[in-house]
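These are the structures, in structure tokens.
Both complexes shown next keep chain A, but they swap its partner, so chain B is in the first and chain C is in the second.
Let's look at the complex of A and B:
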């Protein structure tokens, strides 16, 4: 790609991204912050599905663990934000490794059901362990992220925190995909038998990816807690896990940046359609069905295919 | 006819291997060895148990009785991956290429077991991670040239012709630097010219020190083997050079049909 064209391809979206929160309403910026949070959590789900063929309905648990660890350590104990986030990631990855090791021996529907069970168990425990999570009353008073006295306390400010983090994580996953282990993941997705013959430890790789996905879910949960400053069990039910899976499928699981488009779709579009009145839920559902039928590889896959088709052979 | 540097020590030793599916005895106390450095053939009519034996040797199936030893070590209960890391690599009767990966990536992944970078290093593009990718790239290029795949290196492996997919699988096995390369019907789907080229390729690989175990129906190809075992109804009925095998009365009746 010529330098000028490369600069335009990267520069224009960057300019739009930087200018958007200054021209959009506060409400839209708030939705864009959520899109950033969902991108991070959804990236983990999309990577698992696209590269390992694992349907995960457990991401809400790790999202919740991240949020509750942040709430507990930062609101109750008064510790700094990185402590809460690190504790969440440590606990999530430990649980993902412990649970993932046995359940990732399963495959297909059985594995999806096992992750759903984990999601449901998490939801029940978040509710029942109210001495820890506050139950339905939740935990409030979570401090904002405020490094060096600069508080990320408005949607506009948080927008410029969450999206660079999301971008960094997308780049890291892009790197992973184009490395030795990324190749191994794609290989085992195409033919597990041939991958085994080449000495690839499929189970170990799957567990590593499940752990990585849990870390992303937890990080997103910690950021969420700092953003809304209040967490309750409603935010970490199984329907949240379904949203993460939905955005992954819609965005396209075979491209690293697909979850960005999927997250924007499920956060911004319903709000934008709400101006249509009562019918908006039906319109959104129709758009959802149309997207899944017409774009089987998601938005990301469709754009990639279009880009490849128009590129000179 | 003999190719390679055959020695007496068996790299692979199958001892008293038996297996049945339900009431059907597929293998009945099979014994045979593959000497290090040899190019050994395994032939037999359809239903003789060749595929079952191949799956047992490569670890896809555990035998009900008997042992498989590789380089003197009992590997009967080892996983496919463990056997692969020891240098035992196989191909499949229907080529199993990684269809969505390019031919180059298929060959690159052959280097996997010799490298060690971790997930975190890969994400951060550590110098080790980058170095490994360069190495994999270089080895894939070399293997591509060697196996005549240079023209299709960047194409998805699932989209190249079937005969070429077989070569991709073989080249990928070669990149792993195997000690024993097990080939399951490598000539099926190839025309006479391609089979001739495959013969030469196998001879060359064998001369370079790769021990090869070849399962094939194809007499034109099996001729390349220095020693051939004939499997019939789950038992080895003859072993020896192809010239001897062709004259064995039992083999002529059971398999060659002459």
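Let's look at the complex of A and C:
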């Protein structure tokens, strides 16, 4: 690609990204913040599916653990935000390793069901352990992230916190895929037997990836808690895990920036459709069905294929 | 804990178990015939249940034809689904996961459509045998629950005979096991796949009219039913539709025992934890390999 075109391909989206929150309404910016949060959590689900072939419906649990750790340490104990986020990631990764070790011996539909079972267990425990989580009443008064006295307290400011983090993680993800471990993962996905013969410990790699995915979910949960300043069980039910999986598949799990497109689809579209009145839920579901049938590789895959098809001309 | 309380909870667990088993029976039948996990099996029950509610309440149909029509509508829904959605996806070469997502999307669509047309109210269906109660020892069970158990067992037996003895059932099995081979012997494979979904829809619609009197029919009931049915089918061994009933009853009993021994809040935790353990320890389901037939 000539330098000028390369500059345009990267520069124009960046400019649009930077200018968007200043021209959009506060409501839209709020949705875009959620899209950023969902991108981070969905990225974890997307690379599990794309690189390891693991369908995870447990991401809502780690998202919840991150949010509750932040709520507990920052709101109840008054500790700074990095402590809450770090505690969330530590707890999530520990649980993911502990539970992932036996569960990742399963494969296919069994594994999908096992992660779903985890999601349900998490949802019930978040509700039943109300001495810890506040149950349906939730925990309020979570402080904003405010390094050096600058509080990320509006959607606009938070937009410029969450999206750089999300983009950084996407770049790291891209690098991971092209590292030695990434190649090992691809070998493992495409030919498990050959990978095993090459001396790759497949099970260990899967557990590592599951742990990494849980860390992303937890980080997104912590950011979510700081953004909305109030957390309750409703945000961490199994339907949230289903949304994370949907966004990963809709965006396309084989492209790095697929989760961004998927996250925009599931956050912005339902809100935009809500002007249609009560029928909007049905229209959203129909759009979902159409996307699954028409774009088997997701939005990311469709755009990439289109780009490759026109590139030589 | 008194013995009668335990017995009562066993009875209610048994009833719930047959509900899960009936949903699982449809799921496993569709899986066996097409290798698709149908994430909207519970919504077939919603379609059947809500059809029965509308026919009884708005159109004043008598109970028997209304229930029969509701089951038939479930079958029609299965037919429409296969012809309009599954078939185009198959033609475009859908992966295993894309079918799961497609059916999940249909589940959302059905639920949203019921919300839009009928509203968010819960509707109760009259039970078979009215509101009568049968007393067994110290415990009581609704007459309807006995009907539910009898009909579930009958449906299971009928499906078993259908797949093992009739030409159509054998053709459907052949189409599922070896599509190319079946094609060369003159079996209309696409038709068999469609019929598999019709069958799944019929079983789902039946589950709907049988569940309606126990738990109410409402727009959001599908997903939870699907989950429990899925768990039942996996417990019994996914490839063995008859196992779904066994798996469902096991799940229902475990749940009700969890309620009396621990607390009602933890019933799903215990059921799900046991499910994970069984999947790891007994990957072929409770019935194991011995009873598995035809893939």
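A few comments on the model shown:
Note that in this section the second predicted complex is superposed on the first by the 312 of 313 C-alpha atoms of A that agree within 3 Å, B and C clash if a C-alpha of one lies under 4 Å from a C-alpha of the other, contacts with A are read in each partner's own complex, and residues count from 1 in each chain.
Heads up, the rule we're going with is that contacts are C-beta pairs under 8 Å (C-beta built on N, C-alpha and C of every residue); 3 or more make two chains touch, one makes a residue touch a chain.
Please read these numbers as outputs of a predicted model, since none were measured by experiment.
Partners chain B and chain C fit side by side in the overlay (superposition on chain A). More residues of chain A lie in touch with C than with the remaining chain of the pair chain B and chain C.
Draw one line from the C-alpha centre of chain A to that of chain B and another to that of chain C; the angle between them is 80°, to the nearest 10. Residue contacts after overlaying the shared chain place A:161 against neither chain B nor chain C. Contacts of A:116 after superposition on the shared chain: chain C is touched, whereas chain B is not. Looking at the shared chain after the overlay, A:20 reaches neither chain B nor chain C.
When the two structures are aligned on the shared chain, A:199 is found in touch with chain B, with no touch to chain C. Of the two partner chains, neither chain B nor chain C is touched by A:273.
In the superposition on chain A, A:105 makes contact with chain C only, while chain B stays out of contact range. In the superposition on chain A, A:124 makes contact with chain C only, while chain B stays out of contact range.
In the superposed pair of complexes, A:286 makes contact with chain C only, with no contact to chain B. Measuring only between alpha carbons, the smallest separation of chain B from chain C in this overlay is 14 Å. When the two complexes are laid over each other on chain A, chain A has no residue in contact with both chain B and chain C. In the complex of the two chains, the chain A residues touching chain C come out as 49, 55, 102-103, 105-106, 108-110, 112-114, 116-118, 120-121, 124-125, 127-128, 242, 245-246, 249, 278-279, 281-282, 284-286, 288-289, 292-294, 296.
The touching residues of chain A, when paired with chain B in their complex, are 172-173, 175-176, 178-184, 186-187, 189-191, 193-202, 208-209, 212. Here chain C touches chain A in the complex through residues 37, 85, 88-89, 92-98, 100-102, 104-106, 108-109, 111-113, 115-116, 227, 230-231, 234, 238, 265-266, 268-269, 272-273, 275-276, 279-280, 283, going by the rule given at the top. Across the interface of their complex, chain A is touched by residues 58, 60, 79-81, 84-85, 89-90, 92, 96-101, 105-106, 108-110, 112-113, 115, 117-119, 122-125, 129, 132-133, 136, 158, 169, 172-173, 176 of chain B.
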